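Chain naming follows the written order as A, B, C, D and E, and within any one chain the residues start at number 1.
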Amino acid sequence: MTTITWYEQGEFRTYTVDELCAIAPASIPKGATVWVDMSNPTPEDEQQLLTTWLGVHELVLDDMRPNDDLAEGMHPAKVEEFEEYLFLIFHAVPIPERKPDEDVGTFIHRIRGQQLNFIMTEQLILTHHEVALACIGDVQRMVLKNRLAMERGPDYITALILDEIVDSMNAYNALVEDRVEELERLVMKGESTYTIRRLLDHKNRNQFTRRKLMQHREIVARLSRGEFKVIGMDEAVYYRNVHDHLVHAVDHVDTIRESILSLIDLYFSMSSTRLNQVMRVLTVISTVFLPITFVTSWYGMNFHHMPELEWMFGYPMVLAIIIIISVVMYVVFRKRGWLA
Amino acid sequence: MTTITWYEQGEFRTYTVDELCAIAPASIPKGATVWVDMSNPTPEDEQQLLTTWLGVHELVLDDMRPNDDLAEGMHPAKVEEFEEYLFLIFHAVPIPERKPDEDVGTFIHRIRGQQLNFIMTEQLILTHHEVALACIGDVQRMVLKNRLAMERGPDYITALILDEIVDSMNAYNALVEDRVEELERLVMKGESTYTIRRLLDHKNRNQFTRRKLMQHREIVARLSRGEFKVIGMDEAVYYRNVHDHLVHAVDHVDTIRESILSLIDLYFSMSSTRLNQVMRVLTVISTVFLPITFVTSWYGMNFHHMPELEWMFGYPMVLAIIIIISVVMYVVFRKRGWLA
Amino acid sequence: MTTITWYEQGEFRTYTVDELCAIAPASIPKGATVWVDMSNPTPEDEQQLLTTWLGVHELVLDDMRPNDDLAEGMHPAKVEEFEEYLFLIFHAVPIPERKPDEDVGTFIHRIRGQQLNFIMTEQLILTHHEVALACIGDVQRMVLKNRLAMERGPDYITALILDEIVDSMNAYNALVEDRVEELERLVMKGESTYTIRRLLDHKNRNQFTRRKLMQHREIVARLSRGEFKVIGMDEAVYYRNVHDHLVHAVDHVDTIRESILSLIDLYFSMSSTRLNQVMRVLTVISTVFLPITFVTSWYGMNFHHMPELEWMFGYPMVLAIIIIISVVMYVVFRKRGWLA
Amino acid sequence: MTTITWYEQGEFRTYTVDELCAIAPASIPKGATVWVDMSNPTPEDEQQLLTTWLGVHELVLDDMRPNDDLAEGMHPAKVEEFEEYLFLIFHAVPIPERKPDEDVGTFIHRIRGQQLNFIMTEQLILTHHEVALACIGDVQRMVLKNRLAMERGPDYITALILDEIVDSMNAYNALVEDRVEELERLVMKGESTYTIRRLLDHKNRNQFTRRKLMQHREIVARLSRGEFKVIGMDEAVYYRNVHDHLVHAVDHVDTIRESILSLIDLYFSMSSTRLNQVMRVLTVISTVFLPITFVTSWYGMNFHHMPELEWMFGYPMVLAIIIIISVVMYVVFRKRGWLA
Amino acid sequence: MTTITWYEQGEFRTYTVDELCAIAPASIPKGATVWVDMSNPTPEDEQQLLTTWLGVHELVLDDMRPNDDLAEGMHPAKVEEFEEYLFLIFHAVPIPERKPDEDVGTFIHRIRGQQLNFIMTEQLILTHHEVALACIGDVQRMVLKNRLAMERGPDYITALILDEIVDSMNAYNALVEDRVEELERLVMKGESTYTIRRLLDHKNRNQFTRRKLMQHREIVARLSRGEFKVIGMDEAVYYRNVHDHLVHAVDHVDTIRESILSLIDLYFSMSSTRLNQVMRVLTVISTVFLPITFVTSWYGMNFHHMPELEWMFGYPMVLAIIIIISVVMYVVFRKRGWLA
């Protein structure tokens, strides 16, 4: 669905694709701001708006479309400046609604990144994405209420959307943190292939998230530095704000990474602690019963001449020997701390 | 509470917020230095002083306020230059008083970082924080005694406060070092989940502290380089001094990190050493008692034709065999060093 | 075989080596584009075309030829600018056809990199390689169909070939990813020297691939920056596109690396989990049977005065003792979770 | 003690502090070189010479004095340029005399770094340290013999002292290397908490030394680049020489680090090798004696109807069975290589 | 021995040291190229040629001579520009002849690096080394055959020698690779202190080689960039070629490093696999024999009232029980895969 919001001198107008295409991009009046949002667009709309009307480069069109060869089907985030427009790819992280009683591990698995493409000129912002995104919807509602936003132009609207995206990245990180705390409880419970696989899986995904955030951060840094002519220096403070949030997100991801690495270490440490405990039990049992079984086995021999066997107190003597051995062993183990 | 210190030509005056707001920031006389300290300020004061009087940007206001989404609720340290003022965030580390008999682990846990915001112009310094901070109070008392400090202006006062902050960071690091030494004693005592969890926890926090210090260091480096117009080159030596202290603090944190990593290695090494000892005990016991129990078991057989059973010296012979086996084993283990 | 494609004003002509050498490189008419493809060339062709006709430097010739001292016999990728031409080395990864039922491990082993050399001037592109390459053949067919490509000149054709090369690198990475997933299944099945050796082998090769990709990425970055005069800025977008694909390929290689490292960790973790299980079985068995064997051994003693032996219920009593010991052990082990 | 060496036109003169302070620093005649060495100075001398006579900044004075909060009580090495002078901190490593029979571990522990401060102007060099230092004494004796050194000025003398300092750092590194070789012998002897703690301790100190050397190297690099006006380009070659020696020292420290890390790996490897050997002994013993003890235990049963017990050759048969079992086991273990 | 080759207008002349010293370096005619090779020179020759004739700086002389304090007695590679000459240190790796049947480990140990010093002016090249070097001899023979080389001047000759040096570094790396493959076979054979020590030793030496190569690479990069006036830009392509070879050598060293690290991992993995196998054997043996020995021990009890003992089929019954226990255990272990 393609939504076109045309703002001019305090007025909002709505156009159809055909109506908009009747006006050449270059002849949008100074002071007007046009926002074209293409949500899961038809190939015809893409052809008409992007290729014919805006004259977007074929490689840009390629980059806008999902590609199954790529991680999560998304092109890496990027910014590319063309003579007539600025092309931006960002990765939105729409957080779906959490089902009641859904555990956080399953919930995280349901979250899928979405590629969000921007084409910006001085007066036009075109957003292009495969599924409806909350970050777009929220900003659309906000600008309809607050016409100052449209007054400020495409660069300001982009900053607002980027801020929403980074907020959802932070929400995602918070979920991962919850999950890692849950895994910590599992690690404390005992070793299991499930726990260690989940931890290693999160370690990998954490690196993936970090790389993605670093790419976004670098791009926003360039946007905030006034490197591109369609982004005015008066909006730089908003991009710097987004950049700060991304710096924080990277910090957060790093903190989570360290937690995961520590949990993996803890897992191995607890596994070896348990092995030690098991071996200690085995050793205590063997060290007590092998000697006393030897004693009883001794008096199980069938020699004709074994004077002790005939003694009156032979049997109680053996009992005494065995009790003494057991007590001595108990004291030794106690002192060595093996009975804990 | 908002405290306003107005210094002009050797005289200190005190203003209320309303009195100050009656004077436009631009009309503060040359040579005067004004220090506005907002400790846990009311929203009204913030509105009046920051928004109306100083015209601070809305995003700066956002950054000044605590945010629960962020680590420790604090915005990362930063410096941002606006046309009219310089905005700084630093993280103070107020060290509370230590309770008698409080162990260092618990004490460290009670320490919470605090966000400290600065707004500086050529003649004005505004400090803004949620709780009363010793680093502010100490510098306030110092400038009242030593008017030269006020004479030197906001940039000098800021340097003084930063130096206090870095001192408290160093005090914090010294506490962590004490704690790590305590943990070393625990590692030497024996393996326990408590010890390894504390070590891994400190490893994570150490990285967190390092990142924070690196951010501060980078910011102070920029302040000392004369990059910002409100910081005069004549105060650069004080910022360089703060920078040196931060370099040292980072070095200290690195040294602590290496100690922690070594302790984790030591923990695992001692755990495996203990396993080896346990296994050695088991092996010694088994290697002695399995053969001699075999011998006694041999003469426990009920064959009708076992000549040794009827021998006069059959029984002492077995005794001799068993003593010989035991002595040989003892000598072998002794040589292998398994009896230590 | 040497194929010469001469394009001029919409017309394609084919030359022999001798015909081409009759025209000095400098006298190729403006607007013409010449593509000389040398596939497994004879030394005579090399001598005639490269040394005599183009006057290529002897060291460049050395670099073009395979060298057994080097990894895979290929010179590292590079770009070198000479006064008259630009010299490029790239590594093509021709993916052979997969045999039916060939497993991915064997298939990957059959893939061999191939050195592909380019010599570019404003109007000439010379490609030089040891074996016929799909990336060359595909682009040759494409330019014959689409004369616009030849119109755009050697820099555009090179970009097309590079894009094909990077696509095959991505295909290779996808195969490695499949293989790593296969290895994950082997890791889950149990420890074996085969599995760990394959994992370590892939770790090494992954680093090798990464270094190669980084070299290519750096070179394409330089090509896209307009650093070289034979590459026009109007083709820069195509080189930037290749660069983006290489950035993605490096990301992919990093993701694979993390998977491999995690699998190695998982391998060691599962190996230690299995050891723990084995030890637990041993300990359970010993802890049950050593005490009860002691009891039976006790009543196997031959003392003349052992009152229990004569008791009516001596034998059932022992049976009861042994059942009680076993049940107690069972409950203890159950509680400790050792019976899982 | 403060020693003042005044050199002018081939003549050496000696001044007292009071005599020197009578001459303003600015009025030292061109061509004269003054070396003021303050070894463990009195506060009065510091006040008179540094504060009053030279007008040294209060923060520089702070940096010159030992500070217990810092690692080893020393300020990190640094160079700071002021309008009138250059301020340098270096860390000397005075090597004390080795006691006969003192082992290298104890000897290294006795070595303490010393802070050495320099204040340099075009004609004056002031050295300031807490204890008498060999590197100062040696250079003092050298310049008295070789007046050319004084002729060359403060920058040359500083280079000479730095070279002596770096030589002592190299001597220290050589001692550490000896110690690491000693620890290698201990690792080969067997596992012990002492050995691993010493290794981990040296790993930490190695990192500390490296950081210190890197700081020194960076400073000397800046000195050699002619960044500071009091260091003439004609002495740059001497600073470059010191820099080369520091590069070598860092290399040496890196080599030692790798040795230490390898020893730690070797320690763990040998610990696990020993565990394997112990377990193999246990397994061999159990695998031999459990089956044969079962056989003897079998014929220890008291069934009335056990025909073998009455056989003529029952007893030799069991003997044969047990010998056969033992021989088979021996052959199996031999083949598996478990008897080594 | 000092060899002097004087080339002028197609003619080679040979001079003695005294004859050469009669001609001032500055008065060598334009167009002449002089190569002075000092192989294991006498102190007199050094004094006469270097100090008196060329006026080489005393620190350069120090750097030319071996120094026992340094790794392998060699000064780190470096390039230093003086007003009159360029001073270069490189490390040659002369590969001695391999003895028949000498294994690669011993052969590598015999290889010793050699310091090779260059002093270059526009018309003079002076090479200085302790032992006769193949890389010098080969180039000497080559220039005598090919006078064009001498025509091109000292910078070209230096490039030729550097290329020979890098070739020998590559040969050395190839030997190390052979050795690592040999060690892989040893790792597969079984654990031994010898194998792990050799691996750790090669890991250390690999790092050492890498650092050395990086220094050389950096220096050659500077030479190829035309930073030094005695190296003409027309020879830059030869230096770039040497640089490429060094890049490849560093890559090779990195590949070897990864192989070594993987082998160390494999060593530890195989060691733990073997421990697991040993423990499995122990557990299987114990789990079979402890229960059945309990059964036989049960019927070894001497109770008067044990009805089974008198049963006709008591004895066969026990036999049946024991066979059943053994078969069940066998099936369980089979299923668990513990019998492999």
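What we mean here is this: contacts are C-beta pairs under 8 Å (C-beta built on N, C-alpha and C of every residue); 3 or more make two chains touch, one makes a residue touch a chain.
Everything numeric in this text was worked out from a predicted model, so none of it was measured.
A.B. asks: Taking touch as defined above, what minimum step count separates chain C and chain E?
C.D. replies: So the least number of steps between the two chains is 1.
A.B. asks: Need the CA-centroid distance for the pair chain A / chain C, whole Å please.
C.D. replies: 26
A.B. asks: Using CA atom averages as chain centres, what separation in Å is found between chain B and chain E?
C.D. replies: For chain B versus chain E, the centre distance works out to 42 Å.
A.B. asks: So which bits of chain C are touching at least two other chains?
C.D. replies: As it turns out, chain C has residues touching two or more other chains at 272, 275, 279, 282, 286, 290, 293, 297, 300-302, 306.
A.B. asks: Output the ring sequence of chains, start chain C, direction chain E.
C.D. replies: Here the ring order, chain C leading and chain E following, is C, E, D, B, A.
A.B. asks: Spell out the part of chain A that touches chain B in their complex, as residue ranges.
C.D. replies: Residue positions touching the partner: 170, 174, 188, 237-238, 240-241, 244, 247-248, 251-252, 254-255, 258-259, 262, 265-266, 269-270, 272-273, 275-276, 279-280, 282-283, 286-287, 290-291, 293-294, 297-298, 300-306, 337-338.
A.B. asks: Which of the residues in chain E end up touching chain D in this complex?
C.D. replies: 57, 59, 62-63, 69-71, 75-76, 78, 80, 82, 190-191, 193, 196-197, 200-201, 203-204, 207-208, 211, 264, 267-268, 271-272, 274-275, 278-279, 281-282, 285-286, 289-290, 292-293, 296-297, 299-302, 306, 308-310, 312, 314-315, 318
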